[in-house]
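Next, two complexes with chain A in common: one pairs it with chain B, the other with chain C.
And now, the complex of A and B:
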């Protein structure tokens, strides 16, 4: 997705809120799986619930789908309170992690199961099935059994079976987890394409930040049953709200220190100017915002710190340098794959630094 | 000392002997049922189907066959329905509780049949229940159901519950889910379980003997014939029971894909 696309799909306040969660929580025995939270999902969003395993993201998805009853709070879908309704009476459809296909039914029977229950007229059923099978490229496989399909094909059946119901929100539980790396890229592309083609609202759960960044136009990062930050992928990447988010989304150098009277002092004596109250902070610098310089006082960089190259990994589009600073910190820097002799090698002494715009200060709790 | 080769041969010989020892009585029963010799001794004489004719001419055989059919079919249906419902329930319990329940439920199979028969007979007489087929059937259920429960539980423990959630998600009611999803998926298992229950019920003697009163089934008929006459029509009957039991068990194992 290009920058322009992203901007086009960025939510604004006028857009209609489709799913509204208020004070929603879920407790299993002594475990508080989801802490009381509020969340709005707008029409047309491709929304990711992102977090490590056990953070409550799947529970939250199950609450929205109606597979678990919340301990407190209200779920509204399309302006209607559905908190007390089961999944069979909600306008949501779920693509399960294991797909949950009916093994004794053909692809077509799987896809028409829900339409039959809804007593959809045969003509309409035919049309809707034809549309959805061509969308997910299943037209030639309609008479196969699930066991005769590959993993990727099975997932497309699960998608078709949910999409044919024309849900207000399509829920996807770790949609790519069961696929191998190559297939994952293809399915990512397909999901993005589907979302654009249908213009529907998709909500998915993942523990993989690259997946969330690649698919979603809005992300909620979860930790210990709470939503710790939400926003567009760019916002979260550029402005992580906490050390957890900074470490979880993308690669980050995280440097600990404290702010004392308008100056950040890192352990080891690195000093930067920053206004704000005195407290413990972390400085987050993305590896692609770290620059290598041979000058000790370069003009544009905020700091220039001496250190030694510990390791260098060639990654095709760029090199990853691991630099141990003289003050003791390890910093990772991405540099454009350099050709020729000027590229620093292992054991070289260099200076690294960053622009003021390339680092974030995050206050610690 | 044995050389490698002769020791190998010895083991083979031992295995063959053990098989002969275990199977020869069964083979003899079948063998004698087709021979003319009325004393069931060697030589058997000419081949004949005469003993089967004699058996089929005996009204007691037909009475016993009818009773056995009633008991076997009732036990097959009832133990499958009840056992399946029990297994579906237990499969939703936590593993430790389910394990305890299964242990208790399978106790009747591990108990000596004689003790179980005595217990059942005592219970019926205590409550003043007259004996007959209606007491044989529930008595058989006591030791056939565990097989059904264990087989169906094993299937349900591995059941992919995302399938059920998917069906709910698509709007299906619990009843519809049971008939359109669960039943079709587990039906081969159910047929297999029913056949095993029927095979166990069909050839039971002790429990039937204690709970049937004055009636008879095929196994109790064999016992009765043994006491009055020892001619090869017993062997003919034995061969028929053997064939029925083995074929239903084999069918059951094939249907449930059991790989021992």
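And now, the complex of A and C:
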């Protein structure tokens, strides 16, 4: 069993699997956008597909929504094989990047369009529309046209239009990408609130790891059309399965080296004890796990390495120190801003180190 | 202020041209349409006699012309829409090629196209000789040329590229994402077309329809060359009033009647389309 499998959360048997992807591939000409991918999404999850642009995450979302047909594989939603069905016959609804509102229809007409097609009785339509419009705070804007709304409001219309259909899975394509920073925070909060209030299953695509961490209760990290790791945000942050994941999720110091007879030797002579087979490894240390010490051999820290402060950035809650070690590595450390005058300045010689619990060893292939 | 005037000066040549060559003649003939002719001389007058005669003499021709123009405009708009729709949404890489092919036919002149159809549709024409040699017909089909059918075919062929341009222009303004969104909400392909695509390209629909309707309602060359001895459209009568009978007052009255009827038709078309495509 590889490390990756060990770290991935195994689906719990008694939790219902809502979306089941098996051996799913999508090829565009010569590009393999999604490669032989298996994935389970459980009922009630807020699931993030996270990866850099071009990793196939949007293609995967489109495959689930029915906007593209897979080259191979099976898509099941709620126990039913929907692989061959178009988007209009799947119980999924999508909030598109750029929203895709109907420009010639008012907010209310946009929201009721799906219900109208489903021939929902007027009473029920009224009820459901009233419920979602109040959920996303659109009640006063019902008679406006999309062009008369702000970006945030347009997005809420797109959300309401999808939610009113009561989808088995709500798909969101980069839901926050088009919003400015302040609005993004507000919408994040709103999405979390909505997910709790409705109790539905949400699945969204993002390239922004902070967004994934803030929203999702489970994340799948994608690279080159494959899922390289999945788990809760905490699991992925604490135990990245590869250099790519470590570098992608949160800030990380990545130090290359090899394990030889129970010891990790990094370039430049840093040595740490670690059991395991001999092979090339990387050591991942988060900046907030790096400590500044004035002792050369502190008891609590695993290593203490001399170096010089190259740069210092004040970030409000903390300072970010860039330290060039004498052995050549650059390491970023976060220290509490409250240190004030005691804090090391640019050009100071200091020692840095970390606890055994603060670093992760990841084996290279 | 001075700046504003300078800007207005730049459009002056266009305004002068318009006033002099369009507005003024139009006013002139409008006035003339109330005059009458005495010994081949125009006599100023203010009577509705000309209009009464127009209704008495040309009512049937008018109805026929409008029927033809409506039919031609409907076929042209429909064809133009589907070609433009195909280029915009379905053709991928071939779109540009297709667009070029359609527009290239604009290089062929109006008369050239009419004569081309004469050679295709005639009794000894390409179509008849093909059908004959395939053994599908014993005798040449005679109603192909010199009939209303020939007028419809020729004018549709001539007008489609013109109608396609505004159609394609407004389809290009239709975003793809709302179409996907409509599918996502359960709409079939047909409903997406009717509910999302068509309402957004109403200006294009109107422009295509108006262009093909106005040109075919006013055309008098095509009916004469391929329409045969019994296909007379109002344009032919207007021409003959002005050219053969030198009766400008009747010709003007007939022109203005048709103009008014055309405007009313276009207005009705616009209202009907807007009503049919209104989001509910």
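Just so we're on the same page, the second predicted complex is superposed on the first by the 348 of 365 C-alpha atoms of A that agree within 3 Å, B and C clash if a C-alpha of one lies under 4 Å from a C-alpha of the other, contacts with A are read in each partner's own complex, and residues count from 1 in each chain.
Throughout what follows, a residue touches a chain if its C-beta (ideal position, glycine included) is under 8 Å from a C-beta of that chain, and two chains touch if they have at least 3 such contacts.
Fair warning: this is a prediction, and the values are worked out from it, not measured in the lab.
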Combined model on chain A where chain B meets chain C, clash or fit: clash
Partner chain in contact with A:199 - chain B first, chain C second, else both or neither: neither
Touching partner for A:277 - first (chain B), second (chain C), both, neither: neither
First, second, both or neither for A:347, with chain B first and chain C second: neither
First (chain B), second (chain C), both or neither touched by A:103: both
Chain B versus chain C as contact partner of A:88, first or second or both or neither: both
Set of chain A residues, in rising order, touched by both chain B and chain C: 65, 67, 86-89, 92-94, 96, 98-104, 113-114, 117-118, 158, 161-162, 165
Residue numbers on chain B that touch chain A, as the complex places them: 160, 162-173, 176, 180-181, 184-185
Contact footprint of chain A on chain C as seen in their complex: 175, 177-178, 180-188, 191, 195-196, 199-200, 279-280
Chain B partner contacts - residues on chain A that touch it in the complex: 65, 67, 86-89, 92-94, 96-104, 113-114, 117-118, 158, 161-162, 165
Touching residues on chain A, where the partner in the complex is chain C: 65-67, 86-89, 92-94, 96, 98-106, 109, 113-114, 116-118, 158, 161-162, 165
